[in-house]
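Please find the structures below.
Shared between the two complexes below is chain A, which has chain B as its partner in the first and chain C in the second.
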Partner chain A sequence: MDQLFIIKFLIPLFWAIGFMLAPKQNERAIKLYALIGSLVILAYSVKMFFDLPNPGVLTELFKFQMPLFFNMTYTFAMDGLSGLLLLLNSFLLVIVVITTWEIKTDKLRLYYFLIFTLVWAVNGSLLSTSLYGFYIFWEAMLIPLFILVGVFGGDNRRYASFKFFMMTAAGSILMLASMCYMSALAYKLTGSYDLNYEVIKSLNLRFSGFWSPQSLIFWCFSIAFFLKVPVFPFHSWLPDAHVEAPTAGSILLAGILLKLGIYGFLRFVIPFYPQAVDAYRDIVLYLGAIGVIYGALTAWVQKDIKKLVAFSSISHMGYIVMGVFSQNAFAVKGAIFQMVAHGISTPGLFIGVHYLYTRRHTKKLDQFGGLAKVMPRFAILFFIITAGSMAVPMTCGFVGEFMITAGVYEINKTVAFLAATGIILSPIYLLKMYHLTALGEINHEENKSLKDLSLLEATPMIVLSVLTILLGLYPKLITSMYEGTISFFVNKGL
Partner chain B sequence: MENLTFVQNILIFIGLNAIALLSLNVKKYGKYISFGLSLTAAVVFFAMLYMRDSFSLGELFTLDGNKIFLLKLVSILNVLMILINGYTSLEKVKSTLLVSYMFLGGVFLLGSNDLITFYVSLETIALVGYTLVATSSLEFSREAAVKYLVQGSVVSAIFLLGVAFYLGATGGLTLVGANVNNQELYAVALGIFILTACFKLGAFPFHAWIADVYSNVSDGNLATNFFISKIIIGYKFITLIQVLLQACDPHFSDVLIRIIQVIAVMSAFYGNIIAVVQGQFKRIIAYSSVAHTGYMLMTMCLNPDEMYEKQLISYLVLYSLTATGVIMILNQFAQLNKNKDGKEILVSGFYRNKGLAILLVVCVLSLGGIPLTSGFAMKYMLFTNYFKEGFTIEAISIFISSIIGLSYYIRFVSDLFTENEEKMKLPIIKTRFSESLVHVIILLSIFTFGIAPSLFLGLK
Partner chain C sequence: MYENYLALIPFFPLLAFLLNSLLIKNKLNNIQAGVITFIGLFTSFILVIVVALHVNEAGPVHVKLWDWMTYNKIIFDIHFVMDQLSVVLCLMVTGIGSAIAFFSIGYMDHEEKVGKFFAFFALFAFSMLLLVVGENFLVLFMGWEGVGLSSYLLIGFWYEHTKNGNAAKKAFLANRVGDFGVVLGMIGYALVFNTVSFRDLQHPDMAILMANKGVLIVSSLLLVLGVTGKSAQIPLFIWLPDAMMGPTPVSALMHAATMVTAGIFLLCRVSNIIVHFSVVMDVIAWAGALTSLLAALIALTQTDIKKILAYSTVSQLGYMVMACGLGAFSTGMFHVFTHAFFKALLFLCAASVIYGCHHEQNIFKMGGLKDKMPITFWTFVVGFLAIAGIPGFSGFFSKDEILSMAFTNPGNGPLLYSIALGSALLTAFYMTRMLVLVFIVPQSKDVHDTHEHGTSEDKHHHHEIHESPSVMTIPLIILAICSFGAGYIGMPHLFGGHEYSRLIQVFLEKIVAAPTGHTHLSEETEIIMMIVTTLLILSSMGLAYYIYVKNDDIKMRDKLKAKFLALWVLSSNKFKVDELYETVIIKPLYEVGNFLVDIIETYVVNGVVRLVTKTISTGGTFLEETKPERIEMGILYIIIGLTIIVTAVFNAFIFR
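Our next item is the complex of A and B:
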């Protein structure tokens, strides 16, 4: 156990509180403080990850009994999977801070406070292996994002933040109902309400059809996670949230928050409800496949560039759900890889959209075109990231989607065929997007005088582009980090 | 002080309040003297309680165990409420006096072991309640009071009928260790008691008075209404019915339990759904209280248990405290919007008083059951109990209804952070010291009980 863990873990929260105590006037100092904070968080995440003795198994980092909260045990633990997502989260924080360096707002302290609190809550969810702890952080993520979208978002932010909050909180309540049920069972079994990993495993919930406890709890948890991912037909909050969210919100939402739904499946559903997972696997696979096609087709017809990227997220997340539920080692490995790949390419696309919006104050696709002529640096970087998102070979997107499709093919050929359709559709809508923004002639007078990216602006896109190619060429860099955990997820925790 | 008997203490309490009432006739300083005496009476009463573990007046009246614990909590809250009400106007001091008598009724209700004491105490509380609503300066307060009075009187009459049935069934009016001679009559009496409890707590379909009452009394009075009515009446009725159900024939008790479950689930759904469509925030809180009544009403169906009782007390106290916090803050926002409790009063609230806005956010999140707040801990506890006792379908139904509840709680947060130029020009909201004190207590209690519910109550 790491005695200093709790201090390291609380750094983002302390940093967030620091923003509220900072003097309002000195914007530059606040931004610098944010940058230093993000780098510190990234540094300790890297150290924590590389200090892991064996990424293949959960290593306990900190554990304490909460005698004052129904004697529950609170455990923080990390394995390759949670460590990888922790790194992604911290990395995206740095990207967010750099990307929005030039942000103009009179509520800068609140802005950074919300971002750092959000990152802290995500870290908490990733590291909690007691269900109660996971739930606390899961809920804690909602509030900062709700306020972030509601205060710093676009014109329709109130509606979008409300919808996002309501839909994800509805799922959370179903999860809470299941937790209360399991707590009651645990009390009968152990005399304590505690819901740590071992206790949940020992509950051995009966499965004998839809109305049996294991089945109902599986669905309660699944709906909560489907809403977060989001899986079709639970996705309707995502396009609104993305369109209205400030860039920081979009980056974190697409980059890490959506992945927490998948992480929830891997950590708290697949190991605990094995019969239900087997029984309902095909339903989930088809939902994933429908999501892939639906997301792609809807993205195709979008006129708003941010909405297009949002729908592409639904399509890509459909792949990941399929991979995870296929219970095939190759596909699960691909799904986890795809989580990282999507966490690089989609934030990259949102950053691109952010730069376009800050220059033209519109997100309409027909307002652009020919930007490669005036913004060549932007055009190149945006192309690399778009290629990653459309799964062009030798980019990170290709590796994940290929592995998932190949793995799913062994389990369910129809679903694999449907998924492959998505691979064809994604270049259609993404190339359309790229074509309408960067290629062709400049038809709008305003676009002729657009400035190319400055070095500061280009930095996050360069980093993401490099990663897109690097992971496409050498995926083992990532897969080696979580390889050991795959058998645990495929064998349903055995 | 330690040697004073309970009767002497009650007499001191009544005496000080009586002098306080007379002092109102003193010119210029009357309200200050009266306020000081009421406060002294409340503090002395609390001090007396603090030193004792039990009181009894033969078989008629007993205060021990959880009852004395609850009374200690309520008497602290009573002191706080007197402080909130303050001495700024004669009306406020008068209402403080009324509330003191309501508190006295609560003390007797809590300790009552027979139906006569029970009935008289209940009516004392109700009468003060009607008066408080009627004397409020708000526009529709008299109309609300009449509604409340008429419905309350009908229910009182029905309750008396229940008392008569109880007498017929058991041959006495004592609530402890009664022998049931006629099960049918006993079941009918119990049914009537359940109906009365539902009315007093504002459960569906006996809730018609609640929204009008909530939106037509001033903050301190309303808060006290919450405390006395919800906490003491809720605790007494729920634990009483739990005990009385034990002596009931299983055939009848099953039916009665089914009725309670239906009312609980319906209250949860009705309260939450109707709250969504309300324009006024106070009415939202009123209907949400119907839903919360539904959540806790299910406790009536559980077997009597020391721990369940403690959990019920915590739920009642913390819910009331949080809801009071919300109402107090709403009143503060409403004052600067020319006393209109419309849809707009919270808009841009965060930019006019950050502390107050954050407290309101914490309070509504607690009411919505978001983790790390007392609302979550209490909900978790209550619902786990329902699952433990096998009320799975009912618990899930209530859970589902609470999803609807989130939609109106989040409206508070959304409004507070919405920027509106016109609203942002309104003056910064200022709070009195006594109000700030109560705010701090509410905030501390929400987080303390949210993070460590077992700290004070010994909950397991």
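Our next item is the complex of A and C:
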């Protein structure tokens, strides 16, 4: 138990409130304040991770009794998996702050406030192991992102932000309903409505076909998480949200928020509903495989770069869902790796799109071409990140996809074959994107005088490129962090 | 000590890559950039020789660098090995690689972005070395895709032209189709044998092998798909001719001598397993044989000097693959070895010609270069004699052994033999055509037989044709010597006696599966076959000479063309394979994508969302019309409704 935990945990929120108090005129100071804040948060995330006595088990960090509120408890705990995602989250915060350093807006304080509260809410849901705590933060995440898209987004931002909010919230309602039900059960069992980890484990819901509690609750949770991930066919909010979101929103959305859905599966579904997971495994595996192909084919025909990257996310997330549901230790390990890999490559692509957009104010693919000539630094970095995204060996993208394919192959060969078509399909759309932006002749007069990336602009892409290659060559750097936890996410005896 | 040397072999090209790519902005001139890469490769070459001598005496050298991942008992580690098979490939990659790097210093002299060129060159060498020294499937696959990537980068080197970019993309995608097979095949093998290490796969457990026959056959066929991708066989050969968009030295190194032979290398690596499955072996043999014939037919009518060589490479690769399919893996590797020299030589000669002719590539616009470029001419002749299979030159020995392997193969032998012989004759024909048109016949004013070539605008390109500088001719001479001599390490029993025959094959057969089931030929039969083959080849050459030199008034050619019009049209249109894939696979797939976006995405995925919203808003309107007097009443309704739903659900399941 860490007495200082709650203070450390609240830092992002305090920091966010600081923005509201800051003087409006001094933009530079605000930006500097944001940068320092992001570095502080990264530092304490690292420290928290390395303070873990054993990353293989859930270590309780803080417990909060609420005697007046149905005697509920509020538990914060952390293991290798949540620690890893915590690190990814705060790392992406730093990346976001640096990438959008040149942002021009009169609502700068609101912008940073939203980003910091968003990161805080993500941290909260990663660390909560009582289901209610998780739920509160899960919902809390929606609000800052909703405002971020709604205020700072593109032309169609209103539609996109509402759609995103309503669809995710609709899933949450299902989750809430099943939580009510579980609470009622828990009350019978323990005399408390509390749903902390041990209690959920001891519920032992009955499973006998679709119309049984375990199955229904499984589907309620699953649909909530499917909507978040998003798994085909629950994805319709994602392309809209990505296209309209400002870069910061896109980076955080693709980099970490989508992974929260997967995290939810690992933390609150797989360990508790083993029979349901087993029974419906194939359905989800096929959904994942269809997602891989569907996302790739739809990405291919897009004419907007951001939309292309958004659909590629659906393809990549399909892999992760398959890995998680295959219930094969290797594939689960790969899926968690792929969460990090996707959290590196897709934000990288969005950063590239951001730089193109800030220069040309368009995201249409046919407006570019031949940029390698005028922006060589951009072209090289963008290529490395693209290679990571299309899973070239020796980049991080390969590790996860390979492990998932191998693990799924052992469970269901058909699905593995379908999934492996991603190997062929991913370069089709990613190379299309790269060729239409960086290669070929310069057809547009405006593109002839584009400035190459400044050192500041290049920094996030350099960092992501280095990570892409480093993790591809030495994946143990990441896997060693969560290796011990895998056994909790794989139901044995299946 | 040798372990450290082995670990350093891929390291030097990597170092050259890093130096060249990181110093690109600084004042690194063209020659310095080239020298860095050359030194990187040459240092590795020396190390390879040192290690190879040790391997020859003491057996394979292993070095394990770090663990990549483990899965139950399967260890994926970064592990290098230098065994008999790697030795041959390593010598080729670093040796021929150094020669071509040296040549490129001259060839790329006047170009821009030379630093980038040499960086990619070194990256390729690094990946290729990774591929050949990889001790397990993982490292092999890293190199496998690494060479694909560097090939992509180099084909698209002059990316300003969309055509080059498309060629690069095509190469990458065709290779990716193959990689799909390699990944799944590798996983299939790994899960059956519980290992990815080649050392273990070399002596597979027969009980496991037989128990998992079905899976292994499928996995092997998937690997063969990978082979057809990398080694440009039917059905994936289409990328290699387009790959000629890259700088010519690159075509020599990657798309002729080394990279494209990776497929044959992979077959050798798993030879001890696939040799047990006759289905797989037949597929390999037929893929190789048909490819060699098809490519040779296409080469007959091409007019671009590089395209002819490209199709010739495809055809020769077909030979090697066919040899593997006949069970003669070591012979296939022997042909890889000899082919590497003479094809690299031919490509470099072509590069020298193109350099001398100021980037003219149409053979009908060349001619009479014999006197203007004597060194290029004579070295080209050596390469020509080698590829045609004239006795004494390296190509003869390997080709002859493949032919006799086909002849003596019990199953499909005769048919495969006649196909192979046919493509050998075609090879002799189109190579002669190329030789006489480029070097011997005087340059014709008539450019009647040209088509599809737009690069011929500069009228004065023949004004100052000159021999290339010695930085380019020295590698040519070295390669010419090798092209002549490389065959003598694999002579048939007939010539070498007990002591000197089949040296390289025996050396390799310590690792790869030895041929089995072939009937033995008596020496007389062997001699007769050799003589007959040689005579046939000579007459094929004579025919080409007669058509293109003696009868250069075009009439004869036109007559021939008219006679074989259908074939001629097919051949000059490359059998329309590209168009076939375009209409049968790519366009429909794109249409599916469009369909998904226009129909499914709009009306189904979003349609459901709209439907739900519509229902809710209709319900809302309905509620509004019932007009609760105050807002509290509305909330009350909601609470009542929720309670009913929740209770209903709970009752249904809790108390059931």
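The working rule: the second predicted complex is superposed on the first by the 491 of 494 C-alpha atoms of A that agree within 3 Å, B and C clash if a C-alpha of one lies under 4 Å from a C-alpha of the other, contacts with A are read in each partner's own complex, and residues count from 1 in each chain.
Here, contacts are C-beta pairs under 8 Å (C-beta built on N, C-alpha and C of every residue); 3 or more make two chains touch, one makes a residue touch a chain.
None of these values were measured; they are calculated from a predicted model.
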Could you tell me whether chain B and chain C fit or clash when both sit on chain A in the superposition?
clash
After the superposition on A, what does A:Ile136 contact: first (chain B), second (chain C), both or neither?
first
Looking at A:Pro67 after the superposition, I want to know if it touches chain B, chain C, both of them or none. Which is it: first, second, both, neither?
first
With the two structures laid over each other on chain A, which partner does A:Ala184 touch: chain B (first), chain C (second), both, or neither?
both
Can A:Ala169 be said to touch chain B (first), chain C (second), both, or neither?
first
Under the stated touch criterion, which partner chain does A:Val292 make contact with: chain B (first), chain C (second), both, or neither?
neither
Touched partner set for A:Ser236, first chain B, second chain C, both or neither
second
Can you tell me whether chain B or chain C touches more residues on chain A?
C
Tell me which partner A:Pro475 touches in the superposition: chain B (first), chain C (second), both or neither.
second
Mind working out whether A:Leu308 is in touch with chain B, chain C, both or neither, as first, second, both or neither?
neither
For chain A, give the residues common to its interface with chain B and its interface with chain C.
166, 170, 177, 180-181, 184-185
Contact residues on chain A for chain C in the complex?
163, 166-167, 170, 177, 180-181, 184-185, 211-213, 216, 233, 235-237, 294, 297-298, 300-302, 329-330, 370, 372-373, 387, 392-394, 398-399, 402-403, 405-406, 409-410, 416-417, 420-421, 423-424, 427-428, 431-432, 435, 438-441, 473-476, 479
Interfacial residue positions of chain B with respect to chain A in the complex:
365, 369-372, 377, 380-381, 383-388, 392, 395-396, 399-400, 402-403, 406-407, 410-411, 413-414, 417-419, 451-455, 459-460
If we count contacts the way the header does, which residues on chain C are in touch with chain A in the complex?
66-69, 71-72, 78, 141-142, 144-146, 149, 156, 159-162, 165-166, 169, 172-173, 176-177, 179-180, 183-184, 187-188, 190-191, 589-590, 592-594, 596-597, 601, 604-606, 608-609, 612-613, 646, 649-650, 653-654
Touching residues on chain A, where the partner in the complex is chain B:
66-71, 135-136, 139-140, 142-143, 146-147, 150-151, 158, 161-162, 165-166, 169-170, 173-174, 176-177, 179-181, 183-185, 187-188, 193
